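Structures for review follow.
In what follows, subunit A forms one complex with subunit B and a second complex with subunit C.
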Partner chain A sequence: MVRSQSLSRELVLLGVLIALIVAMTVASSLFLTTGNLLNTSRFYVEPGLIALGMTLVIVTGGIDLSVGASLALVSVVMGFAYSEGVPLWLAVILGLLTGLLCGAFNGLFVTLLDLNPLVVTLGTFALFRGLAFVISDAGAVSQFPSWFEVFGQYYVGPVPLQLFVFIAAAIAVGVLLARGRFGRYVRAIGYNPRAARFSGVPVARTTVAVYALTGLLVAVAAIIYTSRVSSARADSGLGLELDVIAAVVLGGASIRGGSGTIVGTVLGVLIIAVLRNGLFMAGVPTTWQLIVIGVVLIAAVFVNEFFRKDEV
Partner chain B sequence: MSAAPAAASRVGVDAAGVRRVLARPAAPAVVFLAILVVIFGLSAPGFFTFENARGILASVAVLGVVAIGVNQVILAGDIDISVGSMLGLCAVAVGAVSTAVGGLILPLLAGMAVGAAVGAVNGSLTTFARIPSIIVTLGMLYALRGLTLVITGGDWVTGIPAPTRELGTGMLLGVEVPILLLLGVAAAVAAAGRFTAWGRDVHAVGGNRSAARFAGLDVTSVRLRAFVLTGALVGVAATILVGRVGSVTTDTGVGLELQVIAAVVIGGTSIAGGRGSTLAALIGTILIGVFLNGLVLLDVPPVWQNVVLGGLILLAVSTDAIRRRVLEG
Partner chain C sequence: MRRFAAALVLAALGAALAGCAVGAGAPTYSADDGKTKICMMPKLVGIPYFNATERGATDAARELKVELDYNGPTEAAAVRQVEFIQQWVQLRCDAITVAGNDPDALAPALKEAQRSGIKTGSWDADVAKDARSFFVNQATFKAIGETMTDIMAAETKRKGKFLIVTGSLTAPNTNEWIAAMRKRVKERYPKMQIASVQPGEENLQKGIDVTKSYLSANPDTAGVFGITTVALPGVAEAVRQLGLKGKVAVTGLTDPVIAKPYVDEGVIKKAVLWNPEDLGYLAVFVAKKMLDGTMPTSGAFKAGRLGDVKMIAKDEVLLGPPLVFSKQDVGKYDF
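Moving on to the complex of A and B:
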């Protein structure tokens, strides 16, 4: 029952995506070219990776506003560790660790004191960004050895390497959520946390794991981002959290928790990417893209939520 | 929910009374604020002056007026994260009317009307169309910023005539007008919360929406009114801001939503709705202002500001959670 519902929602999203692709192809002959699509994908791997983690967070009924700030913190920790003489491979590992810790910090704060994730991650949104500014002292590191380019500027044939990273991560997180015990726990917590606790679901451990995994995905995105732009700065990823949440919610995850799929989220990321790039290729000013994304987001959730009968 | 000092005067020494005062939403923030003032007063030269206090209040007036509105939305169980973009759009409206016809009243009304209209859209989509308010206002955060850029074409509005700038730069009875507006708005909304049915209904609706509906309250109109009030107050805040700055940039209000929610939560209003007060929003705003000011006076490098703000939010919500556990046994 639930399965068929989410399947039909994903079919609708797929229909919307195809309709958009057709419309954009009509609007600009340059849109539906392998070169453009592959090039565009480089810009959406980072929000896409984070959206995978955010889907899990939102399915547990939570939210993470700190992802853009943690991206900046990871980037700065990595860049400045390297510029202080730490070998780059070790700096990259430090970066991954930083992301993991940021996520775990959020998760622990939310579960230990039973606090609202919106407020906690609003606090860490300021905290992580602030730490990034303190560490970098508002400066930037942009001298990386050439092998570092492999993460964000390397192509396998015509395909950017990071696209493979995203596909692998999407499959892994998708399987994690849709099959097996962990995914069942995640959905149970979002659907009814109290019932989940009474049914023996390890609520605290699962929640911390979900936020920590999101932090780890943010770190991977941060490494790709830093390599792609060849720069580690504290103002990276400003506003990223909103793009990511928009993609996840567009993909059908309910902000009330309990439902959402990785397939839906990937479709959500693709729809936003096609919309933004297509409008850009068609010569529509960036300002109109903001309006279109806002309206599409509200309309998508309207379609999702309005026909639910169980709303109080 | 009224001022904590007023409650303190009728308490005396009995434990139940002390417990009642401590249970007030703004109590921890008031204590925090008092400690901060003492620390900065002792350590930061120039902090403990009347001029500095006025400077702090004037600098947080825009934040505070918006926070008092958003506080009502949060009390009613919703959230509004579109206020930053809304402030930008309202500022453009104020600037456009001001440069076209001048004066103070018309630009102010234009700003308030645009804000109230946007608030009505937010509220209608949330209540009638039943879209969660965080999604509605997230969408509006994008859409309104885009609209602002389309309307202005990315240009600044400059040359705001002097009369329009009264609300931002004027003095009345020896006090900056923004301060009087902030305190006036706080007093008016607090009074409405205490003496009108709507003000009391907000808490009921935010505390338990189903129960409020079964008790016969008009839940939809209570939630809708909070959004419209917020919009109108954003219009007032925009007029103050345009007055202070003297021009309108297209990035006016970017990131304001997070500061506003921080102020409300630090003050002690529960993000889950139903618990809180206008005083909480005001105290939270002043706390942020005092902190930023104290850091400047203590020569703390500006890069530390966000760390401190983030730590403050986490500290405030943790204290609140622990306090509730202790008080509720």
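Moving on to the complex of A and C:
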């Protein structure tokens, strides 16, 4: 029953996506071209990767507002380590560790001190970006060796390499959530943390793992991002959390925890990408795009609640 | 059944939204009709200054019969600008001209545009020289710095200690102005001393706080410069709140609309800016001339309603001398 439920929700999302693609094609004749779609896909691999982790976080009933800030921190740690003489491969590993630590830090505070994730990550939202500004001292690193371009500027035929990274990550996280013990634990925690604890679910360990995994995905996104724009700076990823959380909620994950799928989230990312790129191609000012995204989000929450009442 | 209804609602909303957003928000022209298309990007959209440049740009586009796509990020972020440039390449703009948030970060995307046959230019804030053909400079650093210093000197009998409230301490344009101001003081006004430079971080409240605490600690200050569009109203508000109107002179650079209450009240007597409408107008004009291949590399050329404009380098156009406004004419500008 649950299966058919989420399947029909995803069919609706697919319908919305197709409707939007048709609308954007009418609005701009250059929207539905492989050149444009592949070019645009580069901008949404990073929020997409982070949205995969965010789905797990939201399914546990949590939230992570710090993802944009940790992306900036990872980027700056990597860039400035390199400019201070650390070999780039080591700087990349340092970046991955930084992301992992940022996520684990969030997870530990949420579980060990039993704090509300909204408040914890609001704190780290400021903390991580503050650190990024301190490390970079308002400067930027823009010179990287040419092999570093592989992560964000390399094409396999006409297809950007990072698109394959995203597809692989989406399949991996999707399987992790939908099948096997870990996914069951994640859903159980979000559905009812007390019941989960009494049924022997390792709540603390699972929660920390979910936040740490999100941190790691943020770090991968940060490496791709830094390579794509060949620039490490502290104002990177400003407002990124908005697009990420919007995609996850649009994809049908319940903000109260317990439900959500990776297929839904991927559709959510695609809808936001089509909206933003399509409106830009049609010459709609970006101020209007914010309004459209806001309205779409509220509509999505409304429709999702509709579905959920059905489920009871 | 409810599920079906919900599906319908969502689908209808999506379609309606897409439709109405396209309809409501499309101030420019329809895409791809064979007309020359100039794509122009401000540092950010939604502030009075860059709304004014858009008005001028729209005027020029109408006169020159070209299509204009004026769009930019909602926050002053270089990376968002990179993405917009890359999307404009897909949109097959004929020329792209940008006000850069970072000279280096935008360069790769602009060079990519050049390789696909698009002419590139910059205006308001320059990018790396090899990433654009021409830069439209609104006013030289020297002229802005000197004009602000001269106004202050005239109001303070050419002597005393002065505070400068700037944006961030790393912004290149404000630092160039400060350098020009120091040089002017040294050459012309030996009894004037620039005692301190404080950052207001483009935040009104910060500007007010910084000025207030500095003036309380240094009561012998003769005047305060606010040299960004956000810093100057902050400085003026601080001087007003401390009741120092008439005792501490205030000048600097800001939009007339923002400065008007303080100019009317007499806290600010004169302030400096260039005309952003003219800047937007000239940026489109230069883009069109680049496409026609008629840009000169020296001397001057006629730019529609602006008359003659000068080349100050082989790849740089100057809008003209800075604009000084005071109580008499502050009301006539709408930016």
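The rule we apply is simple: the second predicted complex is superposed on the first by the 305 of 312 C-alpha atoms of A that agree within 3 Å, B and C clash if a C-alpha of one lies under 4 Å from a C-alpha of the other, contacts with A are read in each partner's own complex, and residues count from 1 in each chain.
Convention: a residue touches a chain if its C-beta (ideal position, glycine included) is under 8 Å from a C-beta of that chain, and two chains touch if they have at least 3 such contacts.
None of the values given here were measured: they were computed from a predicted structure.
In the superposition on chain A, A:288 makes contact with both subunit B and subunit C.
After overlaying the two complexes on the shared chain, residue contacts for A:124 are found with subunit B alone; subunit C is out of touch. Applying the stated contact rule after C-alpha superposition, one finds that A:8 touches subunit C and leaves subunit B untouched. By the touch criterion defined above, A:277 reaches subunit C but does not reach subunit B.
When the two structures are aligned on the shared chain, A:144 is found in touch with neither subunit B nor subunit C. By the touch criterion defined above, A:35 lies against subunit C but remains apart from subunit B after alignment on the C-alpha atoms of chain A.
By the touch criterion stated above, A:27 is placed in contact with subunit C alone, subunit B being left untouched.
Of the two partner chains placed by superposition, only subunit C is touched by A:236; subunit B is not.
Subunit A uses residues 138, 285, 287-292, 295, 302, 306 to touch subunit B in one structure and subunit C in the other. Those residues of subunit C that touch subunit A in the shared complex are 2-3, 5-7, 9-11, 13-15, 17-19, 21-22, 24-29, 31-32, 45-46, 69-75, 77-79, 82-84, 86-87, 89-92, 102, 104-105, 108, 168-170. Subunit A makes touch with subunit C in their complex at residues 8, 11-12, 15-16, 19-20, 23-24, 27-30, 33, 35-36, 39-40, 42-43, 138-140, 142, 225, 229-231, 233, 235-236, 238-239, 275, 277-292, 295-296, 299-300, 302-303, 306-307, 309-310.
Listed in rising order, the residues of subunit A touching subunit B in the complex are 63, 65, 109, 113-116, 118-120, 122-131, 133-134, 137-138, 242, 245-246, 249, 255-256, 285, 287-295, 297-298, 301-302, 305-306, 308, 311-312. Only residues 79, 125, 129-132, 134-136, 138-147, 149-150, 154, 209-210, 258, 261-262, 265, 271-272, 301, 303-314, 317-318, 321-322 of subunit B touch subunit A when the two sit together in their complex.
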